[in-house]
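Paired with chain B in one complex and with chain C in the other, chain A is shared by the two complexes that follow.
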Partner chain A sequence: MIEINEVTKILGDREVLKNITLGVTKGTIFGLIGENGAGKTTLIKCLTGIYLPDQGRVRIGEQEVFDNPAVKARIGYVADQNHCFPGMKVKELIRFYRLSYSSFSEERFQSLNQVFQLDLNKRLKQLSKGMKMRLALGLNLSIQPEVLVLDEPTSGLDPIVKREVTNLLLQEVEERDTTIFISSHHLSDLERICDNIAIIQEGQIQYVNSLEGMKRNIKKLQVVFQEEPPQDLKDWPEVLAMEKLGRVHYLITKEYSREFEEKLKGCRLMFLEEVDLSLEDMFIYAAGEGLKNGKVLV
Partner chain B sequence: MAKYWSKALFYNERRNGFWASAFLTGLLVKTPLIDMISNLNHLKDAYERGLLTGSDWGRWFGEMLLLGNGGMLIVALIIVGWLVLYQFRDSRQEAAGDLMASMPFTRRQIIFTKWVTGVMAIAVPFVVIFLLLTVFYWVNTEWISTPFRLLPQWATLYFLFLACFYSFMFFVQTVMGHPGIASVIGVICTMIPWYLLSAIPVILRQLLGLNYGDAALLDGIERLGEYTVWTRWVRPRYEYLFPDWTTHQLIYTHYGLKVISMVAVIVLFYWLAQQAYAKNPLEKNGKLLMFRFLEPVLIWGFAVCLGMLIVFLFGLGYGSGFFGLVLYLVAGTAIGYWLAKKAVLYYQG
Partner chain C sequence: MYIKCTSSTNTRGTHNTIARFGDGGDILLNIDARSSKPIYEQIVEQVKENIMKGILQPGDRLPSVREMSTLLTINPNTVSKAYQELEREKAIETIRGKGTFVTQNYQPKKDEDKLQEVRDLLKKVVIESHYMGLGQAEIIAMLEDIYQELGER
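The block that comes next holds the complex of A and B.
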């Protein structure tokens, strides 16, 4: 459904996106995670046709997105900043969307608004950050998009609405087979809903996998050696990061396998146990510890 | 038409257009309509008291319409400048600009709908005032000796003049990323042809030790400068009438040529704006310039203009001599270059 092919984008003198290639299958939820300034928002702006990539192409349903209203009519976009048209009333913005998107459903908006509780007569400047986010979500779900692109959609939302929103997204995929591309810092939210995850770092995709595949491959192992561990353990290709707490060594592996386990056991182990990693842990090790050790998740 | 026009975009633009139209209508109702009503009341009063003498008092309508609105023109230009600024204010902010760019509109639709809304906002007040003045003219025809044709001529010429200014400012907004600075630079740019054509001959004459009349080329350039005082385009002339050649009336000279020229200017700047906007890299919204190739134009343009201004302020009339003038010119240009470079670096990020 979404094809991002060798996309490069330069902003000022900085290459913000470096030869990015990604594919997203129809009816799935794809999560993009990365540190601040990693290039998430720039990638999303290329994906939604706001920016024209300097190299490469972005296609949705086999059509170029940039300056193509036919494709854009099928995309919903919820930006991380929604401080636009401050003087406009909510009901005026609804009318603007209704005139812009032939697929806009007022009934759908009304039913969503039972959750979001927006006052239609308020001006946008009177809305809080969370309210603006609810409005953007409501409007973009009401256009019944084929592709929904969300940049930090849960920021500013209270936990109850956040839960409602993630449920709505899951419902959207289930009922309408919508493809969702989502970037977020709230990794626990992504973990709950995403089928696939990509980690972006310094403008490059470091890792792409299904969430299941990620959990299968990236593991934390708690290990106690009978004697000293091998000198080169940190340099093993499977080891992404290593920590030591007393006699216990914590190894983060990016390629967990039986062979690796056997290899470790060959180093005279007293104890070995797998510890489950959350998506947040995986990201921290990939972005923080991995890089510190000069290692990447590829 | 849908290829160019979007009802949704018009809905979004209508607010700015409405307010500009309302202010412009208010302005035109004050000057000339209310001023004329007031003047007519004075005339009637003078007539009743037997104070109306001479045969040419009936020309007041034409004179008030064609001559008595210098202040009105300045206010109208400010309203038009404000309209363009507000039309681009939202779309040059990251959030609104990105939202619009992600929605199902082509850039051609965005720019065309914006421009047409602006031109309509200028046209509607002139249609309204034309209709009101037409009624006023025919109701009070015994008090007016001006031919009616001057009224549509006036309305058309003023509308086209404001539409020219609007289209030029609109074009400037499409090549710059910061609407406020674009407004200031746009206004300055309208004066640059006059400034250069008037200043260059004066400075060159001083540098070469010539007097007015010594160099036909320099005199010609200076005279050409007078034609770049744009308000000349809407200024009427007195026509002295046969047989006594003392009776005169106001007319517009070269009216057809002026109309055609202004329409050409409007079309040209709209076309340039559309071309520029189609190539706008939206990541430069909020920056000074949308295109890098314009940086040296802005820097050197500012530097040279400031250099010449320094010569005017400190060099001419103080007996500075050839080397003194060159020194002022070079120093002013260098300061201008430094300032402009700093500004470009600051705003381009």
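The block that comes next holds the complex of A and C.
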């Protein structure tokens, strides 16, 4: 559904996106994670046709997005900051959306507003950050998009609304086969809902995999050796990071396999156990931060 | 249909969701998104466990993909995948237009891979117990206890 092909974007004198290629299948949820300033928002702006990439192309449903109103009409976009038209009233903005998107459903908005509880007579500048986010989500769900692009959608939302919003997104996927592209650094939010995850760092995609694949491949092992561990353990291609705590060695591997486990067992082990690794830990290791800092979280 | 859903954070700081559904079949699921086990596998295992314990009985209706995804706040594709796997193992069946049900005569299949997996797990238990100073008799007694707890199904 979404094809991002060798996209490079230069802003000022900085290459913010470097040769990015990603694909998202229809009806799936794609999560983009990265540190502040990694290029998440820039990539999203290329995806929604706000920026024209300097190289490469972005296509949705086999059509170029940039300067293509027909495609944009089918994209819902919730930006990380929503402060357009501060003097407008909420109901005026609803009207604006209705005129802009032919697929806008006022009924849908009304039913969503049962959850969001927005006062339609308030002006936008009177709304808090969380309320603005609710409004943007409500409007963009009401245009019944084929592709929904969300930039940090849950920031500023309280836990109850956050859960409601997540459930609304899940229902969108289930009922209308909507494709969702979501960026966040609240990794625990993404952990439950994404099909696929990409990690972006300094404008480059470091890692793409299904969440399931990540769980299968990136593992943390607790190992106790009978004697000394092999000298070259650190240099094994499978070992991403390692730390010693007393007699216990913690190993992080990016490419877990039976063979790797057998190879380890061949080194006279006393004990080997897998430790749960959250997406947050995975993010830190897969992005290579664990390596740079030489730190392993226990 | 009566639905109750509770979320809690356990001592490990991981997020668990327990969902209960009531219309004949109550089901208790506990999904840990932080576990290194993929979520769909957790669903497959726990539904089977529910059947084994008799919490779910033959003919009971399971929540639809949509209900399950909302209750657990997880991706509907993940739920579909779990249901497909359960159907493949003949634990549940989908009747078009009616819903998904626990099969009438679910016979846990003992395929070779699974058997090896169980054997490996048991081996691990035996080794660990050995280091704790537990003997064979104590382990067997413990197993019997567990069987009783699960109702020897």
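Simple rule for what comes next: the second predicted complex is superposed on the first by the 288 of 298 C-alpha atoms of A that agree within 3 Å, B and C clash if a C-alpha of one lies under 4 Å from a C-alpha of the other, contacts with A are read in each partner's own complex, and residues count from 1 in each chain.
Basically, a residue touches a chain if its C-beta (ideal position, glycine included) is under 8 Å from a C-beta of that chain, and two chains touch if they have at least 3 such contacts.
Here the structure is a predicted model, which means the values were calculated and not measured.
In the superposed pair of complexes, A:R95 makes contact with chain B only, with no contact to chain C. Of the two partner chains placed by the overlay, only chain C lies in contact with A:C194; chain B stays clear of it. With both structures placed on the common chain, the touch criterion links A:P229 to neither chain B nor chain C. Looking at the shared chain after the overlay, A:G31 reaches neither chain B nor chain C. Of the two partner chains placed by superposition, A:P53 touches none, neither chain B nor chain C. In the superposed pair of complexes, A:E174 makes contact with chain C only, with no contact to chain B. Once the two complexes are laid over each other on the shared chain, residue contacts for A:I75 go to chain B alone; chain C is not touched.
Within the complex formed with chain A, the residues of chain C that make contact are 14-15, 31-40, 65-66, 69-70, 72-78. Contacts from chain A toward chain C in the complex involve residues 27-29, 163, 166-167, 170-171, 173-175, 188, 191-195, 211-212, 215-216, 219-220, 274-279. Those residues of chain A that touch chain B in the shared complex are 11-12, 45, 48-52, 67, 69-70, 72-73, 75, 77, 79, 81-85, 87, 95-96, 99-101.
Residues of chain B touching chain A in their complex: 6-8, 11-12, 15, 90, 93-96, 98-99, 101-107, 109, 281-283, 348-349.
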